[in-house]
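After this come two complexes, each holding chain A, first together with chain B and then together with chain C.
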Partner chain A sequence: MTAVPVAAKPIGVHWNPRRYLGGMWRHPIARAILKATLTIWVTTTITFFLIRLMPGSPVELKIDELIQSSNGAISYEDARAIASSLFAIDLSAPLHEQYLSFMWSLIHLDIGKSFLSSGTSVTSIILAVLPWTLFSVGTGLLLSFIVGIALGLLAAYRRNSLLDRVISTAGSVVSSVPNYLVAIMLILFLGVQARIINFTAMRGAYSPGLQPGLYPAFVGDIFFHAAMPITIYFLTQIGQWILSMRSATLSALEEDYVTAARARGLTDGRIRTAYVGRNAVLPLVTQLAISVGFIVGGAAIIEQIFAYQGVGLRLLDAVRQRDYPVIQGIVLLTTISVVVANLAADLVYSKLDPRIGRAGGAAG
Partner chain B sequence: MTSAILAAPTLGQRLSGPWFATVEFLRLLSRRPVGLVGFFGIVFFLLLAFVAPIFVPFQNDPSLVDIYLTPSLAHPLGTDFQGKDVLNQIVYGGRDILTVAIIAALLSTLIAITFGSIAAVIGGRLDTAVVAVTDITLTIPKLILLIAIAAILRPTSFVFLAVILALLQWSSLLRQVRAQVLSLKERDYVEAARSLDLGLFHIVFREILPTMRSYIVIHFILSMTEAMYAQVGIILLGLVPISGSNWGIMLYFAQGQGALFYRDSLWYILSPILAISLVQLSLASFASALEDIFNPRLRGS
Partner chain C sequence: MSVLSVRGLSIDYLTRRGPVHAVRDVSFELEKSETLAIIGESGSGKTTLAVGLIRLSPRGTKVAKGEILYTKNGMTNDIRKLDDDDLREYRWAECAMVFQAALNSFNPVITIWEQFLDTARAHGLNDRRRVHDRAAELLDLVHLDAGRVLPAFPHELSGGMKQRVLIALALMLEPQMVILDEPTTALDILTQRSIIDLLRQLRQRLGFSMIFISHDLSIAAELADRMITMYAGRVVEHARVADMFYRPRHPYSLGLLRAVPRVSGALGSVASIPGSPPDLVRLPKGCTYAARCPYAIDACREADPPLLPVDTPQHEAACIRWQHVAEVLGSDAEIPVAEKLA
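Coming up: the complex of A and B.
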């Protein structure tokens, strides 16, 4: 008789939600996804409060503007209704309901409509420009990452040689000059003083008149128009990769497993790639994700300078025209794309480093 | 404090008198020519921005006959689109930019140190919360958010701008401070202070943070460069109401007036670019020399 309750409730199988959730929380992939969701939520909330609650908020400004432009023909209620539909916020509802419905429409990727081109949804505006920014930023970043890592590895292996000094110094110089200043200087010297490059022909994301598609002439044209932004992202990011890779390699070289590998008589080439290179590159993967956010932000100025039709340029146009739904939409969608990039980096990182992939891996 | 002797001595602790420390520091710095140049660069630009305006008379009268002059004896860097002397604007244009950078760096360092070290020492839920907030701020594309904030709030004062910048850029430093404190708090001298029940404030600010001095200084400098980058960026985009004149505003006007495409105005547009770039370069190379000096593991060879 006494054995029955024990058999009915075996200790090990008992489902303890707290323990289970705790284990999930410790799992790095679950953590990464949770972090990504939280980040997007926080950004949307900040945006909502900026748009809705600040004194002289865009919504109030729009209502005033509507009343004034109609010389009083529109009543306050009507103006508020128009603003409501433009922002996709029900202004007559209590604040917490406004916030909830704002979040609800966000989940459905409905971020309101543009003030200026009426009827166009913000989502479609952004989707038209986002690929160009992702393409130019992605290409520039990837190129700088690959070349930078190769140069950093080279510099670390030739430590304190002339080559190392040249590479490291050049790396720290190009990484500390702001990218928009490099862009202006390129125009100044190559375009205006020496007249080597015709920058006006490179404006836009592709030449007008060309039909977008996957044929050689169009692909070539895309690269021609993106050449300057890509060059800038490449030049201004490469220094960071050189310096980080150099110092990561130097500290990896001091590790015991390298000495052990040497003692086991492995070839230098194998030690360099499989032992030192692989371990030194790992932390840089996370850094890669962080710099995606940095460059996407910096792209606003670069795109403005080269008149490249990406998200940044569209954002600045919206800022100038006070097209708040578009501003809000771009802030949200760039954050989401950056967060997704970070998430991808986290997943790749846990694949590359088997220690991280297991639950309860190194924290922080 | 006997416990300090037990800890791995940093440069500042090994030397008693502040003068001796300064001499030792300069001696180490003089072995790193790039860092030395950076140090003198910083001193030069601080003097240029804060002391030189006292001695150089301010010239603000537009002169329509002197537009876009090439460099000459009267105007060593030429003139701008209104015929104003460019060198004079460079002398007067550094103060605001550097002040904003310094205030932003001070505030963000303060936020990072306070919350980073307290989170690390207390641990538990507070730590989890601080780490979560930090991770989130770290991923948000800052310049995009800054552009949106600047467009909506329209910062009119430079102090306000500095506060916004500081609120956007404390996260990376906080993460590193926390990691450092986490390893430092296991040291014997911190353990000793804890067993003496000296209190959280004492442990954080008197025991742990002093050993991180050099580290904090380096990050203060780096966060100045970050603040300069963002600040000049949004000035260049015309998102800050234009008042007075600084290097960023010079560049904004030079671009807006089409001076970029006018061949004779090379020095007009190049001067603010060089000023900003050289400040950034000086700060970066000085910071990397400091890292070299204070990190004994890298020193050696």
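Coming up: the complex of A and C.
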């Protein structure tokens, strides 16, 4: 409540911006949107300056390339003139001017064009790689979540049994190994030594020559190509879900309402799902939403190892070539999706847990 | 005809140090429409016994021996021998339990109505309309507004309301027997009073048997017909309420009575029992209460005394010095113990 003076209030409307903003700040949805916008703006700004602080600008890289490809026939001055003309942005302009014009375009939802793939818009570049990342990382995450929850629940129900020990130990081992190491070991053992899998054939998102479309051969092919990344995302994330679910289930099992439910003669199935499972999975929903937010960022190293054309690989290329607009675009996309996922997590959580997000009640 | 007959029940908790003998050789009968109060301090085995009666003991608990005989319509079953399905049926439909922690007895993420429905469905009642009518009727009986309580989530109700809802839920399947484990402990004194009055009304109306577990003697006395005093897992005294209050024969019962402050008593009349209960893993030789007992003699430390009739056949105490206790108290049966000793 704002402290509104009761007496001596002047007649007439006095526009007080602080009060209006204050009122908006109290509205949960307005506050969430305001916070999200602020987060996106701060991240974008930091990225803007950071990438320009990296040694070697795209113009210099282009100049070097031009001089080398002509075997010194082009002078530095000429090369510089050619290179500058290739870019839509004047990189010699002062930083703050570049920043203002960048923000101006961004407000108009224009992320710009790639420096290098002359004239291709950043949006179309991202749209070309995004589906593959969403597909591979998303499938891996979903599978690891479902299987991990089931195994965690099972381990908790059979606590201290051999099965529990196997599941929990495996969970903590796989969750502590970095994903690139898993990738390298898989290639080494399955590809190089045992020669079970032909990793060369699995490179890329789909086999060259196939026409993308929704027909069985192509769908099978994309799963074949994504199999290794999905397996690795699955293996490296499942441990976290197993361990979280196991401990959440163990504490739910200790709750009085579970004992009470048994005393009420409820069936084991009903207790497991509606009483133990539902309460245990609550804290994991937030974790899942955050992971979903990070899906679009892809996994740069894994995508590089398997030459899988996803967002992460594209980002690595852009960084290597100092393709500022593409870097900026991918970072912006990741930021937005993380922010949106967090908002969604809050919303979903308040739906799942009635104790959150409902003011007041019948308590007396 | 007794509804429940417990014979020689012993329950152990298995721990690293060895079995904790939480309940030792407990026997009692519960008659139809009767209320039996079980009293004792924390750790005396009251709750272990109560939970054991519906076989809901936590992991690592072992019922070492004994029988829990439940009788309905002339049919007697040993609860210990029921299979899982029959046990599930027995729970709540025959023997409902109102927990100590009633405040946390409801699943926080589903409404009260769903919890009524869950309970009904688990026992084969699938007609939502009839379940709803029954729930509304019961909530009315415990003086709650069904229209407001049923769609609510547990956190939207106060502690006293939750306790009433749990009592209503306990009566839904018309059980012969209701176990109440410290049902008023977490409540303020006015709410306690209303819950006790409510329980008395309900019992008169519906005629179920009650096992009332409490450390609060005054509340137990108001509701119970008979009383059992438990100490270190054993029944040390068993008597009608009036006998227990006016003529206790076990020094521990006497100690509990003296620990209750009275409105009419002087301030100095309240006395705690010195010492603490014995280690239930390594029980001392002889009477377990001897170390704290003001009347103990050498013979007390020789053998654990059996529960034997004193004064009348309905009054039993496990004490070889009961006659001495009787002498100390005198024969005046009109004045409650605490006042007499003040």
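Following the convention adopted for this analysis, the second predicted complex is superposed on the first by the 259 of 364 C-alpha atoms of A that agree within 3 Å, B and C clash if a C-alpha of one lies under 4 Å from a C-alpha of the other, contacts with A are read in each partner's own complex, and residues count from 1 in each chain.
Keep this in mind: contacts are C-beta pairs under 8 Å (C-beta built on N, C-alpha and C of every residue); 3 or more make two chains touch, one makes a residue touch a chain.
All figures in this text were calculated on a predicted structure; none of them were measured in a lab.
Participant: In the superposition on chain A, see if there is space for chain B and chain C together, and answer fit or clash.
Facilitator: fit
Participant: Taking the superposition on A as described, I'd like to know which of chain B and chain C A:L38 touches: first, second, both or neither.
Facilitator: first
Participant: A:Y275 in the overlay: touching chain B, chain C, both, or neither? Say first, second, both or neither.
Facilitator: Touch status of A:Y275: second partner only.
Participant: Between chain B and chain C, whom does A:H27 touch in the aligned arrangement: first, second, both, or neither?
Facilitator: neither
Participant: Tell me which touches more residues of chain A here: chain C or chain B.
Facilitator: Touching more residues of chain A than the other partner does is B.
Participant: Counting only touches as set out at the top, which of chain B and chain C does A:R262 meet: first, second, both, neither?
Facilitator: A:R262: touches chain C, not chain B.
Participant: Once chain A of both complexes is superposed, is A:R203 in touch with chain B (first), chain C (second), both, or neither?
Facilitator: Once the two structures are laid over each other on A, A:R203 reaches no partner at all.
Participant: Classify the contacts of A:A300 with the two partner chains as first (chain B alone), second (chain C alone), both, or neither.
Facilitator: A:A300 sits against chain B, while chain C stays out of touch.
Participant: Could you grab the smallest C-alpha gap between chain B and chain C in the overlay, to the nearest Å?
Facilitator: Checking C-alpha atoms only, chain B sits 9 Å from chain C at its nearest point.
Participant: Let me check the overlay on chain A: which residues of chain A are in contact with chain B and also with chain C?
Facilitator: Shared contact residues on chain A: 364.
Participant: Which of the residues in chain A come into contact with chain B in the complex?
Facilitator: 35, 38-39, 42-43, 46-47, 50-51, 54, 57-58, 159-160, 169, 172-173, 175-178, 180-181, 184-185, 187-188, 191-193, 247, 250-251, 290, 293-294, 296-298, 300-301, 304, 312, 315-316, 319, 322, 324, 327-328, 330-331, 334-335, 338-339, 342, 364
Participant: Flag every residue of chain A that touches chain C in the complex, lowest number first.
Facilitator: Of all residues in chain A, those touching chain C are 255-257, 259-267, 270, 274-275, 278-279, 282, 352-355, 361-364.
Participant: Could you list, by residue number, the parts of chain C that touch chain A in their complex?
Facilitator: 54, 56, 88-93, 96-97, 99, 101, 104-110, 118-119, 121-123, 148-149, 152-153, 155-158, 161, 169
Participant: Quick check: in the complex, which residue numbers of chain B touch chain A?
Facilitator: 34, 131-132, 135-136, 138-149, 151-153, 175, 178-179, 182, 225, 228-229, 232-233, 236-237, 239, 251, 255, 260-263, 266, 269-270, 273, 276-277, 280-281, 283-285, 288, 297-298, 301
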